[in-house]
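Okay, so here's the structure we're looking at.
Naming follows writing order (A, B, C, D, E and F), and every chain is counted from residue 1.
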Amino acid sequence: MRHAIKLAAAGAATLLAALPAWAANVAEAVTEAAPEAAAAFTPTADMVSKGDTAWMLISAVLVLLMTIPGLALFYGGLVRAKNMLSVLTQVFTICAVVALIWVTYGYSLAFTGGGPFIGGLSKAFLMGVDATTLAATFTNGVYLPEYAFIAFQMTFAMITPALIVGAFAERVKFSALIVFVVAWVTVVYFPIAHMVWYWAGPDFLPAATDDAGLLWAMGALDFAGGTVVHINAGLAGLVGALIIGKRTGYPREPMPPHSLTLAMVGAALLWVGWFGFNAGSNLEANGIAALATINTFVATAAAAIGWLLIEQIAKGKPSLLGGITGAVAGLVAVTPAAGFAAPMGAIVLGFVAAGVCYVFVTAVKSRFGYDDSLDVFGVHFIGGVVGAIGTGVLADPALGGQGFFDYTVAPAVVGAFDMGGQVLTQIKAVATTILWSGVGSAVLYLAIDKTIGLRPSVEDEREGLDLASHGERAYSS
Amino acid sequence: MKLIIAVIKPFKLDEVRDALSEVGVQGMTVTEVKGFGRQKGQTEIYRGAEYTTNMVPKIRIETVVPDDLAARVVETVQASATTGSIGDGKIFTIDVGEAVRIRTGETGETAL
Amino acid sequence: MRHAIKLAAAGAATLLAALPAWAANVAEAVTEAAPEAAAAFTPTADMVSKGDTAWMLISAVLVLLMTIPGLALFYGGLVRAKNMLSVLTQVFTICAVVALIWVTYGYSLAFTGGGPFIGGLSKAFLMGVDATTLAATFTNGVYLPEYAFIAFQMTFAMITPALIVGAFAERVKFSALIVFVVAWVTVVYFPIAHMVWYWAGPDFLPAATDDAGLLWAMGALDFAGGTVVHINAGLAGLVGALIIGKRTGYPREPMPPHSLTLAMVGAALLWVGWFGFNAGSNLEANGIAALATINTFVATAAAAIGWLLIEQIAKGKPSLLGGITGAVAGLVAVTPAAGFAAPMGAIVLGFVAAGVCYVFVTAVKSRFGYDDSLDVFGVHFIGGVVGAIGTGVLADPALGGQGFFDYTVAPAVVGAFDMGGQVLTQIKAVATTILWSGVGSAVLYLAIDKTIGLRPSVEDEREGLDLASHGERAYSS
Amino acid sequence: MRHAIKLAAAGAATLLAALPAWAANVAEAVTEAAPEAAAAFTPTADMVSKGDTAWMLISAVLVLLMTIPGLALFYGGLVRAKNMLSVLTQVFTICAVVALIWVTYGYSLAFTGGGPFIGGLSKAFLMGVDATTLAATFTNGVYLPEYAFIAFQMTFAMITPALIVGAFAERVKFSALIVFVVAWVTVVYFPIAHMVWYWAGPDFLPAATDDAGLLWAMGALDFAGGTVVHINAGLAGLVGALIIGKRTGYPREPMPPHSLTLAMVGAALLWVGWFGFNAGSNLEANGIAALATINTFVATAAAAIGWLLIEQIAKGKPSLLGGITGAVAGLVAVTPAAGFAAPMGAIVLGFVAAGVCYVFVTAVKSRFGYDDSLDVFGVHFIGGVVGAIGTGVLADPALGGQGFFDYTVAPAVVGAFDMGGQVLTQIKAVATTILWSGVGSAVLYLAIDKTIGLRPSVEDEREGLDLASHGERAYSS
Amino acid sequence: MKLIIAVIKPFKLDEVRDALSEVGVQGMTVTEVKGFGRQKGQTEIYRGAEYTTNMVPKIRIETVVPDDLAARVVETVQASATTGSIGDGKIFTIDVGEAVRIRTGETGETAL
Amino acid sequence: MKLIIAVIKPFKLDEVRDALSEVGVQGMTVTEVKGFGRQKGQTEIYRGAEYTTNMVPKIRIETVVPDDLAARVVETVQASATTGSIGDGKIFTIDVGEAVRIRTGETGETAL
């Protein structure tokens, strides 16, 4: 008698049988760079922990929650009612488009070897990946199902371009934006992700010490994506806001948030989901993931309280929008530092981020007169820079930080921390990101503006993009 | 018949309605509006962008009443809607030519 | 000295002590069908992974999130404001009622042996189940705490009838609906769940090869409930919509969604929660769960983009409602295929589902003139059928699929895949579901309509069901 | 060549190397009370399960979700639109403030030894805690990363004072409230948490049998915080409502919820997040966590259905607000019983809680005329008392309950259950909580009222606290 | 010119608008209002707190028409808005002194 | 006194209000309304269901002014609200019999 089954069992049984499994994002190293070394180490199915797998899957889900509905509501609540759906549709569509690109060629470009700037196409269409292939973690002899790693990293590629749209909300053509995003992830995001995050893995690096992205090899510390996600998106946002120009009526006409309630819900979900983002970036469910969790609580709390205190002092009325903006600034700043800083360091980082971002959002923006609609630059870029540089300080074991690991030997050993040198490295990483993202984004915006056109007509803008671009109204009775 | 339009503070609505019922007003229509006048609105600040809208939420009542009731109605609204502080609102009286009850087609004062 | 404790420790200590544990949904097989075989295999506490347990508990929570607030908002956002609470109350109450029924007799009927169509009452009131009893997974020698399995499956029983209410939203009597749901889960849902999902488990089946539900024994593949949940609910919805009749004023009066914002939040939470639904259905946190996760990302993304592209071409304005409707269609279609298809196959499935559902929702519905208020039939039934049949194709290892396992031997081995035969089997499973659900639902609706009456008065419908049925208003100032 | 890394690896590698790890919240016991006994037992890194760690981190995230946006929306939806932001800001700010206090001195006061009423300051600023220190669970030889335990418990400290604000919503001065909360967690919450939850841990208690909080030592059972969280906050709410006085216009002016939709979303998220609260309190992902999960489903469902049935009978219209209020009452009641009661017992508990809370919310409140705006007393206090006493009954193994463990020996053994005695103990624990919370809260309110003043001006109240206190409006167009 | 104010049941709006278009009305302005009259609102109960607001959602239409069309318009509204049940609403007629089309500055009946 | 009712495009509100303040108008009441006229609304499509509501969001301003200011006010609104494109709106003038300031009981033009 023949029984069909949920094939769930297929992989599991295979795992139990301990068949030779493939090394995941280290396959390059294994099969090309150093085949003889590969013989020396083959990850096996029993190096995978179900606890880690559960943690990475739920972390991926949390990052999706952070994006939709989280980010969508945070942004959507801050625009006028007539543009609500346009923001929601943009964030939602970006998620979907990038998910498809990711499995088509994005993952391959970001997470295979090939060079310091970009990977290759050997895993395009997820070729060679299946339910039994493995991806390295940061610990010798600990692996994840490669699909789990792909799914987790996919969510980062989805949220990053979605962050950008806040900078020119209420005044961008939908189709042009989607074309931009497709080009941008390809030309800007995947390379930067490769530069910062790609490396051969702890068991393979000793045999192929140059098999890593540019900034990783430089020794830049970025726990969960301060450069790749926030500085990158924050700058692309500003460039877009400048090229597209100000909203019609800005800053003369009042443009109050149509629903601070929804913005608060969005901010809360950003916070909730950010635990997947930060603690998930540890790739294992262990004490460092727990540290990243604590830091994601307290840096955020500090920045929220910091912003509220500034408002209390400056104008006597601490506001909800202030509190949630501070929280997001804290989340951004702690992102690169989440698994490196001690909790007390994270608190300091949160307070600093709140102060600096407050100045940019309230004073610098109006001083220079650019229309960064939802303060993507003021919060994500600025908060990201504070966090990236702060990480170089706070990772110092002298301050209770976690220091860094030397992976050129296996098993990896703790490296000697040099705060000055590390801060310099961090600045270099920030500068590289600024250069790549700034130039890349500008070129793409201009190209699209000259061809398709980035901006809707003034009538459409007056009418609201919901009706004009999508033929829908957010609210009826 | 007279159309009495009263713009009042929102929390006074119940009081005014009850007072009008007592003097014999049988119907009215109420709209949520924003008022601009001597009373200034609160300043709102959103991430440093400051808006002083000068618009204060008000309730606009309109009721059509027989001519002989009009003065009484105006008085009653004035008495029940007042708090003595700025922004209490206004009452305007306008002539109405004809009134019809849709359900029955009745016209004139019997339609009210 | 005596110390009271959190008895959390009770089970744990027992587990540590490796006392003889009971086989969970295989108890029948063990104690009745084949006592001598049972002697040959006894699952023990060390066959339970805390990683799996954590994953199943969080998956159950995700499916609840998907239902409330997810589904409730997705549906609620699409009705008029005056019926908002009625939809929310229906979904919420269905959740609560079915949870009680599930532990009272539902779990027992669905997941104990007894026959091909329905189980028995041996576990009614969860008799014999405690914190140490175990439930089988799809892998030999891997077990879950039975309570975790019960909780997870409970959430499926909760969401399925809740899906139905969208078909006749804005025009059903609350009390009659609840009576219908109680009867429907008993007569329709539990039997179909038993037919599709009940089996003795991998370690027990060899000794009792006929101890399985009808469709499971037939070899039908349904990873996470395409037949049991979506085809079943979608058809019950259509039947209800036809028997109850159209909404007063339909299609003459405009009935635009009162809050597309909330509908989008609902759709996003459906997506987020669906990872528990699909990847949780693997019952283990391993590579196949990760595959199901990836597929749940990309099929959904493909269907969303597919729908948006169709709208872009057909009317020039891609809409948010289109995007989220496509996403749900993709989620439905990938449900039965989640752990079987390769990611590229899942993408194709998503695109196909978007196209087919689009036609049903926009053209077929208006052509035939039925009032399926929120397109439960057009999305869940049609998407479910596309997915069920597509699974027969995409599971083929020749297309990168996972094939199926032959559990008649222990440990289970990979079976030989025959695409044509599998598709036929899938069609048979769909047909069986259609027959059972269609007939069962129709009989119940008619019986209730003749007795209690399904429809509120026209005045109540005009007034809105919120005030008329619940004495509340969704929004005040 | 030197390689920088994500220091995630640091802890992990250390764990692998099985370096001597520190016992976490048992450090006191080890180093002070009984150094020679400590020599006999040293927890090691391999006593930590990644499955447990993943479970505790996600549980912490769920409790945050429960608070923001969950509780914030549940409360916010029930107030008038003009006070929406004030409620959201209060809940959000309380979360942030308490997170900072927790790592500064709260954790230390609650979870270090020192005395029966309060702990010490040895872990202030998380001194001595790092990514390798461990915290005990309820099972001998099973440990958690201490950071994970700290994060989880942090979320309890965050939500408890946030629960209070519902009692005097729409009429409290923001700054005074925050001052109150800082004082209240210090003087009321940390001591009660210490009394109920602090103990040396199963491997250390035998050597230091008096190293536990007052109520823990008394043998009081409180699985997830019925006394610490709900009775405590519920009473503090009532005391605040009485001292602050009624809302202007109450009960003459109608004050309908401005958005029952949002209140429902909040209630649903409370339910969703409560699984982290209740099942997470087990500290391990095992069968008891699964039991707590089931109970959190069915007690809630029973209470929701119970409330709806009462309304159906009493006024013919079961309402959404009734259903969700019942659900919250059920969640509160099952909190202390979650891991002790059998599912059928939990159902009974849910029904009883619905009935009793219904009476308090509808009849007792209007009879005595206090203005507990959002029924914090009627639901959290009353439901908490029902649950606390009910736990003494339902934990009885004779009723299918889990009984209790005697931890004075290692490994712990099951204790002999005496229902009458246990109920008495529960009542004593409730009484102690009432006394401490009632007196402590009253003193703090009065002190703050006399100095800063608790209540805004009547003009500000009329205007709405959103504009008056925060300079913002929740909704614009 | 006359200003016709009609308060009707919300679901009747489309019907009334179409009927008015047919008799030659070229424009109107519509407001969501709450009505108080013979028709009583539903009782709302929130956790035991009972509110009978007596306020029923209505639609207020205002349209300014030439004098000679006024009677026809009133009739048309009455015919198309009626359901025969209580709460169908009222129609009031008021004199208008002047009308201006903002776009062109046209005045009088050509402005309508 | 005259009641001036102006229906304008929503984004013109600030401009009109400022212009009116300058010519001496001290108060006004503003309502969000929907307009039906020559300007057609956007077509909305929801899963294939197409609605052309013909209703466009507008702002309705009403202000009561002394007789001698009325012409000036109408002109000012016309000038400040115009964009030249269809749908700019209308201005209507109606006689007001009496006005009362609720706070003080003042009547007539001093009440405005």
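By definition in this document, a contact is a pair of C-beta atoms (placed from the backbone, for glycine too) under 8 Å apart; a residue touches a chain by one contact, two chains touch by 3 or more.
All values reported here derive from a predicted model rather than from experimental measurement.
Taken together, chain C and chain E share the touching chains D, F.
Within the contact network of the assembly, the step distance from chain B to chain F comes to 1. Here the chain-to-chain distance from chain D to chain F, counted in touching steps, is 2.
The mean-CA centres of chain B and chain C are about 54 angstrom from one another, to the nearest whole unit.
Averaging Cα coordinates per chain places chain E and chain F 17 Å apart.
In chain D, 49-52, 54, 58, 254, 256-257, 315, 317, 319, 321, 471-473, 477 are the positions where the chain touches two or more neighbouring chains simultaneously. Looking at chain E, one finds that residues 31-32, 44-46, 94-95 touch two or more other chains.
Annotation, chain-chain contacts: A-B, A-C, A-D, A-F, B-D, B-E, B-F, C-D, C-E, C-F, D-E, E-F (touch as defined at the top).
Residues 251, 254-257, 315, 317, 319, 321-322, 325, 361-363, 365-366, 375 of chain C touch chain F in their complex. Taken in their complex, chain D has these residues touching chain C: 49-52, 54-55, 58, 62, 80-81, 137-142, 202, 205, 209, 212, 216-223, 256-261, 264-265, 268-269, 271-272, 275-276, 279, 281-294, 297-298, 300-302, 304-305, 308, 312, 315, 317-321, 323-324, 327, 339-340, 342-344, 347, 395, 400-408, 411-412, 414-415, 422, 425.
Taken in their complex, chain B has these residues touching chain D: 11, 14, 42-46. Against chain F, in their complex, chain E makes its touches with residues 1, 3, 17, 26-31, 64, 94-103, 105, 111-112.
Contacts from chain F toward chain C in the complex involve residues 44-49, 51, 53.
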